[in-house]
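The two complexes that follow have chain A in common; it is paired with chain B in the first and with chain C in the second.
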Partner chain A sequence: MSDAAAPSHLAPGATVRCRAQDPSRHNRAPRYVQGRVGEVVELRRSQPLPGESLGGGGPAELTPVYAVRFAAAELWGAGDHSVTLDLWEHYLEEAGNPGAEENP
Partner chain B sequence: MSTEHEGAPTAARLRRLEEAVIEAGLTSDDELDSILEDFLANAKPINGARLIARAWVDDGFRRRLLSDAASAVEEMALPSLSVLRAVENTRHVHNVVVCTLCSCYPVGLLGPSPSWYKSEAYRSRVVREPRAVLAEFGFELDPGVEIRVWDATAEERYLVVPRRPAGTQALGESELAALVTRAGMIGTAAV
Partner chain C sequence: MRDNASVRPHDVGGMGGFGPVSPDEPDEAFHADWEARVFALNVALRRRDTYSSDEFRDAIERMPPDAYLASSYYERWMRAMTTLLIEKGVLAGDPGADE
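Moving on, here comes the complex of A and B:
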């Protein structure tokens, strides 16, 4: 485990969407958050992107990882709890204002 | 999510890796065995319970545990191979931990995980209906308490810091540690 930090581009409070993805390699973004919008809670330490570290091409690039919180209603359409996951920056895109999208 | 933990192919692959490292003269089978045996012999829920009890009696330690858990673990010379994140229950918030992708768990502090933690039922349901799952464990949470589920998808391993039970003011640290359960530190029990 390295303590080195890769530059991070998302701040706590940022609204992000977990990208829908279906890579041929190992991936640690569970299906149930793909395409869903959540909020960055905090930055975790940088970690190699899963899958890349299996490549055998030398040390994998360190990537910022964030704790991202999703409301149950966003994930399941119901519920008053939240689910927080640790997600690599490559899995995330800024989502602006999700409310505007849901109620055009 | 993965359905079953298929041990054999992974074990074979791990063994090939071990053999490569041993062949390179970096370690030996004996050394690997003794590292694993030492780690597992010391990996018990009392380790986590000692952290919790210390946090209950020492507010400075509690703050270190919540902000930089690794330093708190080191301070108490406890075994941990993982990056720890402690999440604290309050009157208003209850935390519960899962690994939906596999079975990530702070083994050094809690010992080997219970079989239900690795079950598809727990992993798929606790993110969807945690209040119902907790109730099935016999833990009825006040409806006003917010539930935060933590899905350990990266390197961080989560440890729940339960609330100190009422009426325990007279107890010492080791007596308090005896009250803390493995389920309490996963979040499927109050303490």
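Moving on, here comes the complex of A and C:
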């Protein structure tokens, strides 16, 4: 969508948790990854945060978008596969060592 | 109902009970002529910048859950386009009306 780049703060391999969200508008973090811990695969590009561009306020701020991989067992409780999806940095928080705390 | 966005009806990823996904044949882009017209109309409106992709997706997700779940893919597109065109004053109508 855009060749411009926003500063990114997450490196490939970083352990991240998708924030639980209650947005009032369009958002692109499906419920099934909210609160779940995954791993950053790569930085994709910078794109405006979905939902922030609504309402005629002009273009939203560019935000880094990452491919984040979640183990099926983390999402569904079972399975050996993984699910990778693109998530905006705003949706993510560093989760440190996932073994150090109980998963939700 | 915009305050209840966290339970918007489109967010069914991982939810059971809908049965198997049956992809259409690759050459079956549309099931009826009106679907192609809805598709083309949306392309035209996007190129004119009448609304953005995010606004369009948001309008689909704002559908009442019962209507959303009972509608086909392009029925949702038609409804979202109608919603946005009324809200932006392109079409006359009541933005709060259900139909």
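Convention: the second predicted complex is superposed on the first by the 102 of 104 C-alpha atoms of A that agree within 3 Å, B and C clash if a C-alpha of one lies under 4 Å from a C-alpha of the other, contacts with A are read in each partner's own complex, and residues count from 1 in each chain.
The definition used in the following text is that a contact is a pair of C-beta atoms (placed from the backbone, for glycine too) under 8 Å apart; a residue touches a chain by one contact, two chains touch by 3 or more.
Note that the coordinates shown come from a computational prediction; the quantities given were computed from them, not determined experimentally.
In the superposed model, A:Val65 makes contact with chain B only, not with chain C.
When the shared chain is aligned, chain C comes close enough to touch A:Gln21, but chain B does not. By the touch criterion defined above, A:Val37 reaches neither chain B nor chain C. In the superposed model, A:Gly51 lies in contact with chain C only, and not with chain B. Between chain B and chain C, B touches the greater number of residues of chain A. Of the two partner chains placed around the shared chain by superposition, chain B is the only one that A:Asp80 touches, whereas chain C remains out of contact.
Contacts of A:Trp88 after superposition: chain B is touched, whereas chain C is not reached.
Touching of chain A by both chain B and chain C, each in its own complex, is seen for residues 30-32, 75-76.
Contact residues on chain B toward chain A in their complex (touch as defined above): 1, 83, 100-101, 127-131, 146-156. Chain contact summary for the complex, chain A toward chain B: residues 1, 28-32, 44-45, 47, 65, 67, 69, 72, 75-76, 79-88. Within the complex, the chain C residues that touch chain A are 2-3, 5-6, 11, 13-14, 52, 54-55, 57-58, 61. The touching residues of chain A, counted against chain C in their complex, run 21-27, 30-32, 48, 50-51, 53-54, 75-76.
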